[in-house]
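Chains here go by letter, A, B and C, matching the order in which they are written, and residues are numbered from 1 within each.
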Amino acid sequence: MSTPPIGRRGFIKGALGVGALAVAGCAPGGSGQAVPSKLAAPSATASTVKGEITIWNRSGDLFKVFDAAIAKFKQAYPGVTVNHQQVDIDAKLANTLISGTDVPDGSFWDDAKIGGQAEHLYDLTDLIAPYQDKTAPYKISVNTVDGKIYGVPWDLDPGLLWYREDILEAAGVDIASIATYDDLLTAARTIKDKNPASKPIHLDKNPFLSQLWLEMLANQQGTSLTDASGKLRLDSPEYKKIFTWIEQATGDGLVTHAPYLEPADVNTLDNGQQVFVPWAIWWSFAPQNLLKATKGKWRAAPLPAWTPGGARSGVMGGSSFVIPAKAKNPELAWLLYEYLCFKDEGIQAVYGPNSVYPGGLSTSVPSYLPVLDPAKPLFQPIEALGGQDLWKVATEASSTIPAAAPIPWWWAQSVDYLGNNVQRLIEGKMSPDDVIADSAKKIQRNLVDRG
Amino acid sequence: MRVRTWLTPYVFVSPFFLVFAAFGVYPLIFALQLSFTRWRGAGEATFVGLGNYSYLLSSPDFWASLGNSAVMWVLIVPIQVVAGLGAAVLLANAKLRLRGFFRVAFIAPFVTPLVAMAQVWIVVFDTDYGLVNYLLNLVGLPDVGWLTSTTWSKPTLALLVLWKTTGFAIIILLAGLQAVPGQVYEAASLDGASRWRQFWSLTVPLVRRSIAFLVVVQTLAVFQMFAEPFVVTQGGPYGSTETAGLYLFDHISASDLGTGAANSFLLVLLVFGLSLGAVRLLRPKDGTS
Amino acid sequence: MKPGIGQYTILGVLAIGFLYPIWWAISSSFKPPNDIVTDPLTLSGPTLHNYQAMFADVPIGTGFANTALVLVVKGAMTMVFCPLAGYAFAKFTFPGKNVLFGVVLLTLMLPTLVLIIPLLLEMSALGWVNTYQALILPGSIDAFSIFWMRQTIAAIPTELIDAGRVDGASELGIFVRVVLPVIRPGLAALAVLTTMNVYNDFVWPVVAVNDTEHQTLQVVLSTLAQNITGNRIGSDFTTVWGELLAAGSVAMVPLLVIFVLLQRHFINGILAGSVKG
């Protein structure tokens, strides 16, 4: 498929003294391809395509959901055999791409990891072109490297403001009045006045998640850690605004600082100490499965805006599908992902009611805009949210999400600096200016400059 | 009649070197070459000379990771040697009742899968709802942030390593104890030597070789350790459990392979020095090691 | 030397501390998955839910079979070749000995992490990804075991070996008749350590094997654990938690049982000829 890259080959040969081992002839991965492989649409029709593909997914409930959806794909494409495997993707995919052996035809992957491995992946720009305008701009931007799209955008994870409806009502706070983050502080103060034991706002204690959360608040303002050219843009009014807000919230004693859904978090969510959780849609899992005392009392609203009239949501997390450059049947993998991400039937198979989630998959929404119709829900109203129509809230919020930029390869590594400094800020050990200066300096030196 | 030929020792060690030639030489040379380049697993590797080495040596993070590992070493190795030796002596004693039970109890953690047991650690040492703090509260002591304070995170992680690998130390030391003949003890008892003195003057010198082995192997293990902090703390809080091995793992998991390779060779130099020191310190008086 | 009450107390407390985490993992595997997170210290259930889900989700039987296979082959190679090499390094003088032993120690000192990707490239060039030879051969005769055997054999008085030599036996004969019987305790320890190492090894098997057919036990566990050890994003980490503890229990219980049944034998083997008093 790809010609052995001369540069790499020479490099190994040099190491071995003119390739003493047969190994020297091995061309690692799809590496060094001067022109990344570009995938074109298959010409055969659904009933005539034939072949076998290997598809990797993470283990867990989501695997079962995809398994059921793939069964439906096979009905639509009877000639295609799908070998669907659950794999420790974080440990394996990058290594497999580098070695180039036994590479799957397609794999699920975190959006944050795609940018770093673009050279091993098919350029899907032409294939996605017909759907590009109809896909959430955020998802297109995180899957784009140097103007080319490398992932099939799967889920969109809008941030929402989760709140205790009963407590707000008792305190006389109208959720509709919380339109900005300042309003949120005001509401939190009102609640704390009524119940001094309350620390209404959840801020997360896990550095990785707190940085992911920070990016949600930045995305809401149309910015992100780096711009499209990879330049760091932490030192900006937008980030300053977020950090100052955190400082204010913690300074006023309005914050419960707890690790995501660990016992300390679950218990303070259940005992009324926490009232507001600004978090991605996947938090819906907590009231449905973990919270016993307050099940049915939580509701979701759009996030507050940073400026009056500003965007009411941002993205926190998310995944896409990639097709490795060494895939044996990339065209067929594309057909599967096109079906799962862009075809009504496939989207319905993933998000609609199924045997794993009887009410539908409600921990994210599709990123394909035509199906994000508030009036046409894919998943059902949720009992654990008092029968609230989460679909409507999430799709309305999603429509305001701004585009972002590709996520740099070192994003996860930067948690050691930025995520940790956000924790110091929450604990009152660091000022907003220091968070910016210290994180920017270290990320620049240890990550950006070493790219 | 076969006599000893010059070839014999080479034949005896050859299987190892055959396997090493097949599966060790290539990766080793590749890694060494990689350490002078910048390569992220794709595209052409760029030659950077000693750039990766000088970056690491001037990086506070690198030195912090060595410092963290050094503290872990102090918390693990001496305790393991002393406790392991004490346990081994007791478990070797035929007069100990419930001997089989104690043997199983101390060695059992060695067979447990780390990924599952790490979850136990996270739950049992939870600051607010863990068993350990619950017990502390019962006797009127305040909560301790076992995994959330930079003071306690290393001891808590060290405890996991001690819990899981002391069985290993016991096995090594038990094998060493078999060299201690019972008659030596009887002679010493007749002299009226106290049990404690017996232990220090007889047992310890005789198992010195095993102790040296244990110290070297555990020193290597502690400085290469990455799975324990990775699954329990991800290096936190605030990098306090970012060990040398985990710091190296981070480079490799980010596909920053050149830096990872350079980091590995710096670690080799370090552990080589440390092992040499340990062997010298524990060298028996007869000069063999 | 009869142990006193104080020693029993210390041993008893330690034993409880050592066994409690294992008890916690096994008992929690019988709890409803959400209770493991929200209610970690009380018992509820019991339910077989986690086990049913785990057996349906992951090929743990295959994992067992493969681990057993790797164990037998690797174990046999280790038990045959490492004592021989250890003997040569301990009791022979030959040109290049220090250099060669230095190479053995170097492989022990080099973090395996850095060799993973080059080794994987080599495996893929050989067409060995997803094969048993890839699981077994790299590191099959390992530096740790040679080092251990060298230390053990070095303790044998040289006169004993020379005494065996006078009747003109071959070197292999001396090794089998003189050296092996003396180092039986060391071999027993080596067998135990090798078993544990093969059983617990996961970094290389995870990377070298993609298909279900060749997964070892630890690969199966790592597939389950990824959602917990990686990012906890997404919806289903508590179900995975329950399944992970179930799989962990299934993985450790057989070895624990074998260990309980055989401890007398192999520990006595390790202690053969030791302190009696």
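The rule is simple: contacts are C-beta pairs under 8 Å (C-beta built on N, C-alpha and C of every residue); 3 or more make two chains touch, one makes a residue touch a chain.
The structure presented is a predicted model; accordingly, all values stated were derived computationally and were not measured.
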Chain located farthest away, centre of subunit B as origin (C-alpha): A
Selected pair, greater C-beta contact count between A-B and A-C: A-C
Distance between chain centroids, defined by C-alpha means - subunit B, subunit C (Å): 15
Distance from the mean Cα position of subunit B to that of subunit A, given in whole angstrom: 37
Sites on subunit B at which at least two other chains make contact: 26, 30, 41, 123, 126, 129
Subunit C, residues touching no fewer than two other chains: 40, 116-117, 121-122, 222, 224-225
Multi-partner residues of subunit A (each touching 2 or more other chains): 21, 23, 28, 90, 98, 208, 262-263, 267
Subunit A to subunit C touching residues, read off their complex: 21-26, 28, 58-63, 85-92, 95-96, 98-102, 104, 110, 206, 208-209, 212, 260-263, 266-267, 280, 282, 284-285, 289-290, 292, 317, 363
Complex interface listing, subunit C residues touching subunit A: 34, 37-38, 40, 57-58, 116-117, 120-127, 129-130, 206-207, 210-212, 219, 222-227, 230-240
Complex interface listing, subunit A residues touching subunit B: 5, 7-8, 11-12, 14-16, 21, 23, 28-32, 90, 94, 97-98, 116-117, 119-120, 205, 207-208, 262-264, 267, 409-410, 412-413, 416, 420, 423-424, 446, 450
Complex contacts: residues of subunit B adjacent to subunit A: 26, 29-30, 32-33, 37-38, 40-45, 55, 59, 61, 122-123, 126-129, 148, 234-239, 242, 250, 253-256, 259
Subunit C residues touching subunit B - in the complex, by the definition given at the top: 1-3, 7-8, 11, 14-15, 17-22, 24-25, 36, 40-41, 77, 81-82, 84-85, 87-89, 92, 94, 97, 100, 103-119, 121-122, 137-141, 143-144, 146-148, 151-152, 154-155, 165, 168-171, 185-186, 188-189, 192-193, 196, 199-200, 202-203, 217-218, 221-222, 224-225, 228-229, 241, 244-245, 247-249, 251-252, 255-256, 259-260, 263-264, 267, 270-277
